[in-house]
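Listed next: structures, encoded as structure tokens.
Two complexes come next, and they have one chain in common, chain A, joined by chain B in the first and chain C in the second.
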Partner chain A sequence: MIEHLPVLLVVLPIVGGSIPLVASLVSERAGWPVATLTLIGQASLAGLLAWTVSTSGTVSYAVGGFAAPYGIELVVDGLSGAVALFVAVVSLGVLAYARQAGPHSSAFYGLYLLLVAGLTGMTVTGDVFNLYVFLEITGLAAYGLVASGRDASAAVAALKYLIIGTVGASLYLLGVGYLLAATGTLNMADLATKLGEMAAYDSTLVLTAFGLMVGGLTVKVALFPLHTWQPDAYANAPDTVSAFISALVSTVSAYALARLLFSVFTVEFLTAVPVARWALVGLACVSIIAGSALAVSQDSVQRMLAYSSVSQFGLVVAGFAIATPLAVVGATVHLLGHAVMKGGLFAATGVIERKTGATTVNGYAGMGSRVPLSAFCFAVLSLAMVGVPPAVGFVGKWYIVLGAVSAGNWPVVAVLLASTLLTLAYFARLVERLYFAEATIHSEEGLSEEAPVTDGSGQAVSFGMIAVVVIAAALAVALTAAVPAFEQVLRETLPQLLTQ
Partner chain B sequence: MLELLNSHYNYYAVMLLLGIGLYMLIESQNLVKKVIGMNIFQTGIFLFFITLAFRAGGNPPIIVDGGGPYVSPLPHVLILTAIVVGVSLTAVALALIIRIYTEYGTLDEDKLKQLYYD
Partner chain C sequence: MTDISSLRPLLAILVSAVAIPVILSLKRRPNVREGVTITVAVAKFAIVASMVPGVLSGTRYVFSFGQLATGIELAFRVDPLGLLFGLLASLLWIVTSFYSIGYMRGLDEHAQTRYFASFAASLASAVGVAFASNLLTLFVCYELLTVSTYPLVTHDETDEARAAGRKYLAYTFGGGVAVLGGTVLVFVLAGTTAFTPGGLEGLATADPTLARAAFALLAAGFGVKAALMPMHSWLPDAMVAPTPVSGLLHAVAVVKSGVFGIARVVLDVYGTGTMEQLGVGLPLAAIAAFTLLTASIIALRQDNLKRRLAYSTISQLSYIVLGLGLLHGQALTGGLLHIPAHAFMKLTLFFCAGAIHVETHTDDISDMAGIGKRMPLTMAAFAVAAAGMAGIPLVAGFVSKWYLVIGALSLDGGLVFAAALLVSGVLNIAYFWPIVYQAYFESPDGHDEKPLLEGPLGGRDEVRADGGDGHESDDADDHSDEGGVPKPEHVDHLGKHHENHEHHGGPPAGGWDDRGWRGGESTWFMLGPILTAATLSLLLGTVPYTAVFLRIVDTIVSNLPGVMA
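After this line comes the complex of A and B, so read on.
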């Protein structure tokens, strides 16, 4: 049992995800309890696995008993163990929000668990083709979840997401083909060894593979020119789904990108082919600036948050591409911290919209006194995202900047510092409206003017929804205390990653 | 030149399919045709993998009839999986298109854009 933990992490949510569909024959409300039980199990398994990894080192598992370079291998080290646990805990937390915010159909919870399975699979896999399969499982579940809004605009957003996402994943698959042609293997560790032995980092095959695979994944991460699916998907999906996918889908894709950089191509590749590193750093910097500029010009709060993700993921990818230990620690901290903060912000917009009908930046004026708790949490999360010191957003950015300084990458340092100001530009505007502006929406008339949420699950706000927002805000500050311990875990994992 | 064309025609077909698929995906105004373009694009990738597996004079990779170099079975297996993924994607895409059509009454991208932003 215990040695099968890595594969159980993927199997459990898939099995759990098929139960609500069967149970819906009996009761349409069976979805939530089944999902909760499954994810409690998932979180305990992930916790147990993370514990095993931290005490006795990397766990690897040969699926179906086929030995590593030929069969599919699942590998859990400090980094993937932490991400798998994070995925399980966050998805369990979002369920508390979904209880009231809906959608309530059993199919929704089936897709929800399928998405957890896909994300966990992407986290633990040690095989590049297997990563493609989990990438598509994640994608399919996410398209379905975005479309689960009752409004037809959700279907349009989902189709756009599907078409762009599929092209991204297909480019990744094409890259896997080039890599297979170059080395004859698909196992990540084996690929790293073979690529090192061949000493042909700058061969056309390997370069093409790198370009296609990284390009494909950046579509899923939503870096600047490839981000166009994201604002529509986040803004049109039901609030539960916005909170869930903004917290996890791009995050795990960025983690997969890091895996690809460090476990497949390795840092030697980045050193041997400076143009690859510069292309990635350049893309990240453009994404930081353009994402912020687009966020400042948005009127809808949810679209602003979506463009803010484009900019923040630019920061994370820049940290990974710089690839000094400090920068990688910073990028990982910011990756997970951003997930908590962005998920919390989307959850807060849902609560505020249900209570007051406000969805736009101007509509948020004066809400500080109308919905004090949610507005306060929103402000805390916003300031954490900007990087005000005690919050986790500060630590991540600080480490990334220190990493860039130690790598002597001055243009990047300038962009990173400017990005903090730009983040402040769009969040300060909103916080100012919340607390220091005359209300533009007054109690009852506002509800009729602004279109109410359209997933048809009522306007009531439950205790669970508020709790999720408050916990996210508290975590955004409290996680800072966990950073030293997390850094310790990473420092044990990173030397293998960075000096393979 | 002719020699290269003769020995690499599979790869030219791959590039042609990828190009046609991507062009249709971007340029066609009709949502269903976009999905067809997506399928053609993926077919190009499938053909690329199958071509990778080829080996001159290779036998089918079944060991019973003995001997000889075999073609690589691995890409075939990968593509079986990728085809299943492709079919599921097409199914989801078509389901979304049906929903869009019942709601907006059009499959034309430009008209849909006008309705969508109103």
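After this line comes the complex of A and C, so read on.
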């Protein structure tokens, strides 16, 4: 079974995702238990796989026994093993939140598991077309999840996401097509060797392919100016979905971008065509600044968090594009750390909205005393995002800045350092409102069991929901201790990635 | 210099960090809560003081969490310089805690639990800054200090408090970003950020432009908290905080951490040799001298006592930075000694201002004529501390200033700096003496004019840029707060719970009543700390060596390679 681990990791959630639909014939609420069982299995398998990779090196698997480069190959190295495990664990964590909060329909859990399948597939694949397939699976499941909200605005947001996401995926597919035309292969490792030989790095064909593929993935990562689907999707989706998608979908898309940069185009390409590297870095820096500027002007907290993601992913992509070992370690640490922090923040907003009805920055005023635990976790997560040490948000930034300084790229260093202040600009006012301002939303007196829930206040908040928030906040600080071990794992993978 | 591994540095930091949840849980039992604060403060001081004999004899206490990541090693090491700051912070926290009890209860303040918990957090971070053994650990504790002191600055929860808090965060995080940039550069240039007496070798041999850039970043970043101009303006606005917080910010934790950071950079990251080689000492000293004089001049025009003290602080901190920038033995001694000297004196002054506020609700100097009758002990302590600020013998400020001036004079071209110091001394007298004089020798009915305060800028005749009609002179606004919103500089402390409070300071009708010299003027919770701080200033001024601080400073300077003491 160990040999089949990579494919099992993808097959399990697909199979698991079809069960709730069948089980709904028997029971309406079968979705959650099925999803939990499946994901526990997923997490165990992913853990096993990650351990195998860390002890015996990169694992390759030919799907269906068809050998590469004609068959689909799944490749798991230190980086993808870590990300696959991360996806499994975070999905399981968000389930704890979804038990009380999320939509309870079986269709929802079916889509949930399908999304996990898509994300895991994107992580473990070693074939660029296969990546497209899983990218689309991820996209479709995500569109469906976003649309599962109750309001019409959720449907509109999902439609917007669908259109823009499909455009992005199509761009990526076009790029794949050009690569196929240039080299005749779709396998990543094969492409890496053939790209330099069969088509020159600075030929129009290869450059176009690069531009299209990176452009397509940047839509999914939601960098400025291709981010427009994200604020609507995050703000209008159910809270569970916002937490889940914000933590994982853009994260895995950014991982795919890194995989593309290092395993397909390789650092040689980036060195041979400096324009490509610096264009990507420039785009990332613009995203950092623009995302923060847009976040400051937001009134709704969830939209603000969405724009914050735009800014933070700029940081991550900048780290990947600088492409030195230090910078890549930093970008990965920040990628995963950000996922935890952003997921926790969305979960916290969900809890606060249910308990108090507050959704806007002004509405959060004075909530430090009404929802003390959630507000405190929110404050801790905000400070972690700003980059106050010793939280994990600082460590990623430190590495990326270190990488940028070692590369001698001073404008980027300035933007990276400024990002701390920019992030502070929009988070500090929330923390200030929480604790140091008078409340604008007052609790209704004599809230009875049957009180109408017109503004969302008074809906039950389960222990699981609060536990997710608290654990996210604790992890935001505690993960710093795990960074040395993680760096070790990455350092074994990176030399192959960065010196090909 | 022997390094021994010990838990004491970590314990000194954690003892108050651990107290935070305890304090937060004691909201309903204020006396126990205050008891916890005092116990923890005494414990902290005891731990730090226990390290003094060892450090003076050449031992350094080390505790390390190990290498967490490339370039990130969280480690603490108690050496003489760290001990100087740590001892100061922990000693003054005890004094401030007693004073806080008197102040907060005297004003019946809200959110006292948050206040005391934030204090505990701030002191933990401050001692962390003191004992950090490399730039990165110092940065971590520096940022945590910002986060812990923010709730104290915004304590009042009024619009001005929030605005001051925002400004504070913007400035201090901006400084933190500069420090981070400088730290990264130093790490890349030298391969390590650990503090090494005499400086890191890698910096001596690195590209001078990069080394200078790193120094500029570090000096600017720490200079924000050290209130070097032009990054000083957060400090007067932060006066909106409760007075013990202003005392903490201005004497103990925040500003001294900025100055301490600069000291570490000058002495243990770059070292005096590299500093001279790069030629960055002189610009630093020049900025310090400029700040010295300008802040003193601005202070002349402040009517609100706390704002005047704020500008005085900005000025006095630059004494320390000037000493550091001059890079030579006696100037260094003077600068470093001024860290505790100024702390004791400024804390006394702020405590006096706070006591005056609590007892009489007076914040403006123009309302304080004759107040020596009402608060004789307080004004006596004020007089002593003010004398020390000006550099009058017997008080702490004289000793440090002596070393500074002698050190400056012994350098080529140091005459300018010595002159600046002496002029500043005169300016100090100019803005402190009237307060003391009018307190004892004048009365509310018969007091002299204060042209520096009341006169319009530009002279007696109205000078209008547009040459318009002569209006009523501007200085009428300075004193009228009837019917209008009081100007920010006149408002010490309009907490949201005090909105309805009549905030006219000044003597009651019939003049100040006489409270005598036996302590009837205020509670001993406030008088005790005031007199303690004043006594400490006198002790440091008369027996600086026995009062251990000068001995510590001498140890620091004698350990620096290549510096003549």
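Here, the second predicted complex is superposed on the first by the 484 of 500 C-alpha atoms of A that agree within 3 Å, B and C clash if a C-alpha of one lies under 4 Å from a C-alpha of the other, contacts with A are read in each partner's own complex, and residues count from 1 in each chain.
The criterion applied here is as follows: a residue touches a chain if its C-beta (ideal position, glycine included) is under 8 Å from a C-beta of that chain, and two chains touch if they have at least 3 such contacts.
Keep in mind that this is a model prediction, so the values were computed, not measured.
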item: Contacts of A:I40 with chain B and chain C, given as first, second, both or neither; value: neither
item: First (chain B), second (chain C), both or neither touched by A:V156; value: first
item: Partner chain(s) touched by A:L140 [first = chain B, second = chain C, both, neither]; value: first
item: Which superposed partner A:A199 touches (first chain B, second chain C, both, neither); value: neither
item: Touching partner for A:A428 - first (chain B), second (chain C), both, neither; value: second
item: Partner chain(s) touched by A:A485 [first = chain B, second = chain C, both, neither]; value: neither
item: Partner chain(s) touched by A:G177 [first = chain B, second = chain C, both, neither]; value: first
item: Complex contact set, residues of chain A against chain C; value: 326, 329, 383, 386, 388-390, 395, 398-399, 401-402, 405-406, 413, 417-418, 420-421, 424, 428-429, 432, 435-438, 480-481, 483-484, 487
item: Residues of chain B defined as touching chain A within the complex; value: 18, 22, 25, 31, 34-35, 38, 41-42, 45, 48-49, 52, 74-75, 78, 81-82, 85, 88-89, 92-93, 96-97, 99-100, 103-104, 112, 116
item: Residue ranges of chain C in contact with chain A within the complex; value: 67-72, 74, 139-140, 143-144, 147, 151, 154, 157, 161-162, 165-166, 169-170, 173-174, 176-178, 180-181, 184-185, 187-188, 496
item: In the complex, chain A residues that touch chain B; value: 129, 132-133, 136, 139-140, 143-144, 147, 152-153, 155-156, 158-159, 162-163, 166-167, 170, 173-174, 177, 180-181, 186
